[in-house]
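One structure, pasted below without further comment.
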Amino acid sequence: MRTLDPHSPQIPRLASILILFALLAVTWLVWSGFFKALLLFLGLVSSVLCLWLTIRMRFFDDYLFCLPVGLGFVGYLFWLLREVLKSSLDVTKIVLSPSLPVSPRIARIRAGSEHPYDQVLFANSITLTPGTLSMDVDKGVITVHSLTEEGMRDLMSGEMDRRITALRRK
Amino acid sequence: METVIDIVSWLLLTSGGFFVLVGGVGALRMPNLYTRMHAASVTDSIGPILVIGGLILQAGMTLVSIKLAAILVFLLLTGPTASNALASAAMLSGHRPGLAQKMSAEDES
Amino acid sequence: MEYLGLYNYWIAVILLMTGFYAVVAKRNMVKKLIGLSLFQAAVFLMYITMGKVDGGTAPIFSADGAEQIFSNPLPQVLILTAIVVGISTTALGLAIVVRTKEEYGTIEEDEIQQIDGQDIDGNE
Amino acid sequence: MYIAVALALVVTMGLALIRALLGPTVYDRVLAVNMMGTKTVLLLSVITFAIGRPDFLDLALAYALINFIGVLAVLEFFRKRSELDPENNTKEAE
Amino acid sequence: MNLIFGIFLLTLMLITGIAVVRTKNLFVATTLMGIFSLLLAANFFLLDAADVALTEAAVGAGISTVLFLSALSLTAEQEKPCFGGRLLALSVVVITTLALLHATLDSPQLGDINAPVHQHVAPWYIDKTPQVIDVPNIVTAVLASFRGYDTLGEVFVVFTAGIGVMFLLSHYPRKKPHKPHEGLRHYLIQRLVGRTVIPFILLFGFYVQFHGDFGPGGGFQAGALVAAAIILFALLEGTDQAIHIIPSWFLNGMVAGGALLYSAVGVAGMLMGGNFLDYSVLASDPVAGQHLGILLIELGVGITVTGVLLSIFLAFASRKHF
């Protein structure tokens, strides 16, 4: 689990703990919206308690817990949004047409990145796009069920995988 | 400016409602479990994006819209995870999808 | 229109009796507990319905301090605690069902009675 | 306008309920529960805006956070069952 | 408009309820109960009960489904057909239903402000809360301060139920060699997304705990949410891991400690010259004393509810099949 990908910037344990703490504290502030001393103090206590439980749960011991959030990620989200919109319209057409032209397929697709986080991002992006559904992730091979042949072909072109792999290559 | 934002947000809300409805109809019309899950994923992905996007535009730059954004993020995180868990559970009990044709692309990457 | 205002009570009554039916007529103990949860839910609904006031909002003062009509907070307090108590007692019931299954090998009431009857006959 | 969206959501909840009642497999029902969960989150958010008290969004947030635990419990249930008696594996529930 | 939505949702609820009772498959009944709970929460929200809806959300979405499923995996999934006795039950139920429906015709209309319920204590509570306790959420004020005795009783009922489950399930004869419970450890997506979400569920639980004064929330909801987060962890990584995170001696301490904290606040009020559970004497300023008292007893409620729900879940989940 240690050396996953030579290109991936490996976040040290302490740094990822601190990042999570900052994230929790900011989340408390924006959820609460009260800036009184007592509530700020309670927020600090809560964040520390959460962090303590998370450390006890050993979330930081392997490299499963790291968030590659950057500018590239935001760009990827916008691209994904466009894809979701496009395929939603496709599925809508299928659902509303009287003959229901579905031709389900199954395929196995190998994820380009070795990192488990990227594989999960890939699999969940596939599920998030209507018309394709990831059923299983096993050692980087994702079993995908698609509603139509067309949807599968889009996925096979590998654009999504390329974009996800590129996120970590910077 | 106000009216433009209003119009855009109403547009988002109504189209979100439309997609949600389509997903519901699809979940009824589709022939088997896995195809139904595709229809349901319309309501799980584009529906929340549009509806909550419309609400965020209505709320403007306030803490409320940050909370809405948090709801959206968690919905988009957990929705596909739940779908995947359901598909895994169905596969585990030997519920095989009916297929038109099998394709394989092991070596595509 | 006058009867629409009673609709909530009607639903609560029918749900109440649906749950009651499951409790008295079903032989399966888990099903009885599910019926009990339905019964509980119907009572919750009845209480909350009573607390509603036309044109009111939830009994929480909004930050801007505007004058508002509030719905009745008292039924809400009772039901809020009852929900958590309800799940704990249901869990207690389920624990009894699990123990029964381990001792008798079944959770059907009539089969349990049969086993008990055999026991008495055997001992005599 | 909120009402139109709320109406669409409520009708979809009805459709999902029909799916839950029709089945035919248990997974279809779980799918319907999952759909209902998402719809409830959206419905609650829309209603908070419709009644003009957006500070009640906590409810929708609670559902968005913990609604998928139920589906995970279903997966765990089937995993446990297939572990206990593997021959029961291919048996179709209902 | 709310009325129409309410009627529609209630009708859906009724259909679900009848389907729950009719189905022979207990697994299906449990999933339908999930739908029922969602509809119930939506209805509570339409009827202005935000706090109650949040409680139903926290309890119904995760915990009750999980509990029923773990009980089902220990017992049976299918209900056996039963014969006889149904006609009698059905006729009793129908007659009672008709009698009760007839009784509702005299009830006040939905939302009638002149209904008897709204005439007595409720206006006093709404009136006095701003000056006596000064928290925005009247429900919390009534729950924690005006009717603190009731809540103490409820907390002890929860406590007793938890103790009962532990008595029933924690002892069992060892039949098989102990095999670690794996959970969903091999499901990468669920595991990783769970890891991302768990800290936020915990944080949300604490947020609900401490913002009970200002918005919907309080100890009961927070306890259920925090318990749900740790139940999620137990589902993902296995029950043994969860027991490792929160050892059982600590859990037992939580179950008892929360209830004790609640009572201790009451006794502290007595020692400082007030009545039992009278918080006004806890600080020099009565309103500040009320705030302190509410904060402490809500904390006690939260700790007990978390402890009880978690130990119930762990008792069910770590029980082996016989």
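Labels A, B, C, D and E are assigned to the chains in the order they are written; within every chain, residues are numbered from 1.
One rule holds for everything that comes next: a contact is a pair of C-beta atoms (placed from the backbone, for glycine too) under 8 Å apart; a residue touches a chain by one contact, two chains touch by 3 or more.
Being a predicted model, the structure only gives us computed values, none of them experimental.
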Label of the chain whose CA centroid is most distant from the centroid of subunit C
A
Distance-to-centre winner among chains (Cα means, whole assembly as reference):
D
Going by the contact definition above, tell me which chain pair has the most C-beta pairs touching.
C-E
Distance from the CA centroid of subunit C to that of subunit D, rounded to the nearest Å?
21
Where the centres are mean C-alpha positions, what is the separation of subunit B from subunit E, in Å?
29
So subunit A residues touching two or more other chains come to 27, 31, 123-124, 134
Per-residue multi-chain contacts in subunit B, two or more chains
23, 25, 37, 67, 70, 74, 77-81, 83-85, 88
Per-residue multi-chain contacts in subunit C, two or more chains:
57-58, 60, 62-63
For the complex, which residues does subunit B have touching subunit D?
10, 13-14, 16-18, 20-21, 23-25, 27-28, 33, 36-37, 40, 43-44, 47-48, 51-52, 54-55, 58-59, 64, 67-68, 70-71, 74-75, 78-79, 81-83, 85-86, 88-90, 92-95
In the complex with subunit B, residue positions of subunit E that touch it:
187, 189-190, 193-194, 196-197, 200
Can you list the subunit E residues touching subunit A in their complex?
188-189, 191-193, 195-196, 198-200, 202-204, 206-207, 210-211, 214, 233, 237, 241, 245
Going by the contact rule set out above, which residues of subunit D touch subunit E in the complex?
3, 6, 10, 13-14, 17, 20-21, 23, 26, 29-30, 32-33, 36-37, 40, 43-44, 47, 51, 55-56, 58-59, 61-63, 65-67, 69-70, 72-77, 79-81, 84, 93-94
Across the complex, what residues on subunit C touch subunit E?
2, 4-11, 13-22, 24-28, 30-31, 34-35, 37-38, 41, 44-45, 48-63, 69-85, 87-92, 94-99, 101-102, 106-108, 110-111
